[in-house]
Every structure is written in structure tokens, then in C-alpha cells.
Amino acid sequence: MLHVDTAKLLPANDSEPVAMPRLTPAEQPFPKLIGLDITEATPKRVRATLATRNELCRSGGTLHGGAIMSLADIVASCGAFLNLPEGAATTTIESKTNFIGAAKAGEPVFAEAVALHVGRRSSVWQTSVTRADGKLVAMVIQTQMVI
Amino acid sequence: MLHVDTAKLLPANDSEPVAMPRLTPAEQPFPKLIGLDITEATPKRVRATLATRNELCRSGGTLHGGAIMSLADIVASCGAFLNLPEGAATTTIESKTNFIGAAKAGEPVFAEAVALHVGRRSSVWQTSVTRADGKLVAMVIQTQMVI
Amino acid sequence: MLHVDTAKLLPANDSEPVAMPRLTPAEQPFPKLIGLDITEATPKRVRATLATRNELCRSGGTLHGGAIMSLADIVASCGAFLNLPEGAATTTIESKTNFIGAAKAGEPVFAEAVALHVGRRSSVWQTSVTRADGKLVAMVIQTQMVI
Amino acid sequence: MLHVDTAKLLPANDSEPVAMPRLTPAEQPFPKLIGLDITEATPKRVRATLATRNELCRSGGTLHGGAIMSLADIVASCGAFLNLPEGAATTTIESKTNFIGAAKAGEPVFAEAVALHVGRRSSVWQTSVTRADGKLVAMVIQTQMVI
């Protein structure tokens, strides 16, 4: 489910879909444990859907903050990855999350990362996590460093 | 492994160990998926150990940023929980992480959350994540809101 | 220059301009020292212009990060203020800034704060600071608490 | 008052005082407007005192958040500066502040920046701002980039 199949890459508004032949940030062990599904991936925007399985939740039946931050980190990392020169890698150097609303177990959430800035040495990504009804769950801004 | 057994609570430097009879933030589904082990829990400081299992890692064999943020969030939430009045709950409203060094698969990391401030309506927690050799992996500061 | 004259309040896209009869967050001593000019103020969005005077700069002739953070804090505080119930006040409890581009001395910058969330006890504001050419200077997200 | 006179540099616990022959981050126009006084400056720790003049305050007579963030940014920038190789400069790329307590007009506050990490391309600094009675006013963590 996690494999970024190029056939699944939807065209974005402002750029063509990008094939990701190398192992992407979403195809690593921890992202597989979280279980998100990348639905769009371009150098300017990456989207993913996460099924709010019970094991990603707090006892109250809402998505855990750690799962929300993990989702956003993976999606933004994919965006940074798509801007890397050949042979380079990316690493998150800082991430800030504001938690706004709750997401219930059993209902999917949607993450969308957009580039605020893409430089030669680093990029800055803003990722919103929303519910199916459009309500904001969290807003994340983070810096990805080229290494 | 995750159950906060009061027999496991070690005395902290400046306060007595605290029994946590209610379901703690570490005993919920997502914390169980992450798999941390709480080793000390007082209203002023909470410590935990995380085994860096491969499924918590990036493909390069280092602990994933999402797992690091999740660990810190759970540990600080436990601290906020231990300061709650009867019947109240806590939720993270914001969390910022600076990633400093890598943690290798197979080697444990240690999280320590200390209260910077405990108020009636919110508390602020600083959590360091370090390796066995003492090297800093990440520093996290977050706000927990009483609800 | 700093006084929020209701005649200066421009209509926002989605709400009527709001008169601010009480002393606003922009009319306090420190905002006067910074010297911004509020150009729009509604409960959903606040805009301001800052002349990049030399005394707000680094030695290289670019706007200092402290001045940028101060500008964003004042503008978002105005937004939080406009959502307060009678007799309440607002205080910033946390603020995170990502610095993206430089702003040159002598050229104005424009701050726009929009509400990501307005609750009974707190509100979350995202403030962009841009140059006249539209280039992003900084992005700020902060939490304002009702007190 | 702001000039970093090498005679004023106090010895730190773990390193010798460092002379700063180049124009330091504290000797620029905006830091002069804020008016802090550097009392210690080593590559590992920088300390400063700020007189809480009324023009740095909110209308309630407490130090404005913008002034607090500016103070911390200047002090941490000095620390980053002291680790730079010949000919390099430093710039803040992100800064997060948690505001904990109020500082009253007329009473000084004390900032202390310590390096969490000093790398070849960036450094991470944690700055506490405290009152004379030791109470924490704010905690700041930020990343400085070598340029």
C-alpha cells in the first residue's frame, strides 16, 4: 500500500507528476508502520491519506499527536526528496506542530505538504492535516536539510 | 512492557515516586505501538527508554524523526498527566523538535521530560532524547493544555 | 502613525471592518518603537506595513530577525484581541518563526496574520511577512491565550 | 553600552573569554535599539542583561514578547558568531519561543544562550530569559546557519 507506484501519482495543479525510482521517505520501515498512502507527489506538493486505525490512537479514540507529527514528517520529507540532486539525501532538522482539532478513529485524515522555500542546502515545508469534513487537525512547518 | 507498574517507578531527585492508577498517556494504543518503557514518573520529571527496533527506523538504519517526536510527546504527556486535578485530561497543543544527532537501530535511546512550568491551565515540558553515549539526539519543547 | 484609526480599516474579504475602541496591541510602547502601520484589522485577518528603517536592521542592511518576529507578534496579537470577550486580554504563549528571505533597508515589508483557529480559551495565528515583490521573508505560527 | 569590550568579557566555566574584533551581532543597529548589554561571550555560552525600559513594554508595564524574542535572538547569534570560521557569517533560520512568566518594567532580565550543538554548517542554541528572582520568563531554541 505504501509503495509509491508512479501510476498512482496524480497530476498536481502546477507541475507534472514525478516518478520516484529510488526508495522514497515513505517506503522506509517507520512510514510502513504508520501506514500512510501517498496520493500525489511533485516537487512542490505532496499529499497523503492516513487511515486512523485504532493502534494510531489515544485511549479516547482520537488520532495520537505522535502519529499526526509522524504523518506530516513523512509527507514533507517526500517533498524534500523530490527536490534533491542526484546522490543527495534529506533529513528533518526541526519541526513545529500546532494541534488544532481532533481526528476520530475510523475516519481518514489527509496531509498536504507544500514547499514554502526550496534552496540548494535546505527546504521549508508547511503541512496541513485535515479531516474529511475539511476541519484542520494540525499545521506543521519544518526545515529539511540536504545532506 | 508498557504498563506503568508502580514498582518500576524509581525515586526522582527532588520528589517521591507517584503511582498512576488511571490509564496513563503511555498505556494507550499508539504508545504501545511505539513500545517505550517508562522508567521514572514524577510530577516534575518523566524518563523512558525506547528500544530502536528496525520498524521505528529510516531505511538507513537510524531512528525515524516521527518515532523520536512520538516518544517525546508521550513522555511529556505523562508528566502533564501527573499534574492534573481529579477528572481532568491533558492534550498537546504545540510541539517543537530540533533534531541534533542520529540514533542507530539496535541501540536504545533515553527520553527525559522536565517541567519548565506547571500552571493551572497548561504546562510546558522540555524533553531531551539522548543515546547511551550521552550524545543528544533531539530536544523538544511543548505545551500541554488541561482540558 | 500607529493609532488604529477606524477610518483606516479596510474591508476584508470575508468580514466587515472592526473598530477597536480599546487600546490595541499595536498601540503599546514597544509596537510604537517598532513603528508598524496597521492597514486592516478584522477578527479573521490583520494586515500591517513596516518601513524597514535602518535602526531595525542588521549591519548588512537587512531587516533584523528580532524586528520581523516583533512585527508578526504584534499583528497576530491584534487579531487575537479582536476576538476577545469584553474585559479579557490576550498573551502570546508560544511563537515559531521560519526565516525564508531577506528584506532590504529602505523597502517596506507586509505582514498578514490569519486565524487558523479561534477557540474560547486560545487562538492560533499564522502570519506571513513578505516583500513588495511578493517574496516570502518569514512565516510565523503562534498561539495566543485568553487571560 | 552595547560595544563588546573585551575587558568586559567574563571568563566562562569551561572556556576562555573570546575577543570579538569584528562587528558582532550585538553591535548592529537593531540590537542597539533594543539596548542589551553583553556580559559574557564564549563559543559555548553568551550572557546578556536587558534593562526593561518602558518603550520595550506592553501597555500593562510588562516586557513585550517581541523584545524578549529579539533579546534571545541577538544573544544566540553572538554565540553562533563566535564559532564561525574566518570570513563566514551567521543567520537565524528558525526560532521558537515559549513564554512562561512576565517581566516587569524597570526590572532587568537576563538572557543566557548555550550551544546544544555546533556543526560545520549550523548550530543550535537554547536561550533562557530569567528575572532577577530566578523566575523563567521565556525559553527559546533556534537554529543558526553558517553562510
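A, B, C and D label the chains in the order they appear, each numbered from 1.
Going forward, a contact is a pair of C-beta atoms (placed from the backbone, for glycine too) under 8 Å apart; a residue touches a chain by one contact, two chains touch by 3 or more.
Here the structure is a predicted model, which is why all the values come from computation and not from measurement.
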Exercise. Could you tell me which chains are in contact with subunit C and with subunit D alike?
Key: A, B
Quiz item: Quick one: which chain's Cα centre is the longest way from subunit B's?
Solution: C
Quiz item: Looking at A-B and A-C, which pair shares more C-beta contacts?
Solution: A-B
Self-check item: Distance between chain centroids, defined by C-alpha means - subunit A, subunit D (Å)
Solution: 35
Practice problem: Using mean C-alpha positions as chain centres, tell me how far subunit A is from subunit B in Å, no decimals. | Solution: 23
Exercise. Would you kindly tell me how far, in whole Å, the mean C-alpha position of subunit C lies from that of subunit A?
Key: 29
Self-check item: Residues of subunit A touching at least two other chains
Solution: 93-94, 96, 98, 143
Quiz item: Connecting every touching chain pair, does the picture come out as line, ring, star, complete or other?
Solution: complete
Quiz item: Across the complex, what residues on subunit A touch subunit C?
Solution: 96, 98, 100-101, 116-117, 124, 126, 136, 139, 141, 143
Quiz prompt | Complex contact set, residues of subunit A against subunit B | solution = 23, 25, 27-34, 54-60, 64-67, 69-71, 73-74, 89, 91-99
Quiz item: Once bound in the complex, which stretches of subunit C touch subunit B?
Solution: 93-94, 96, 121-122, 143, 145
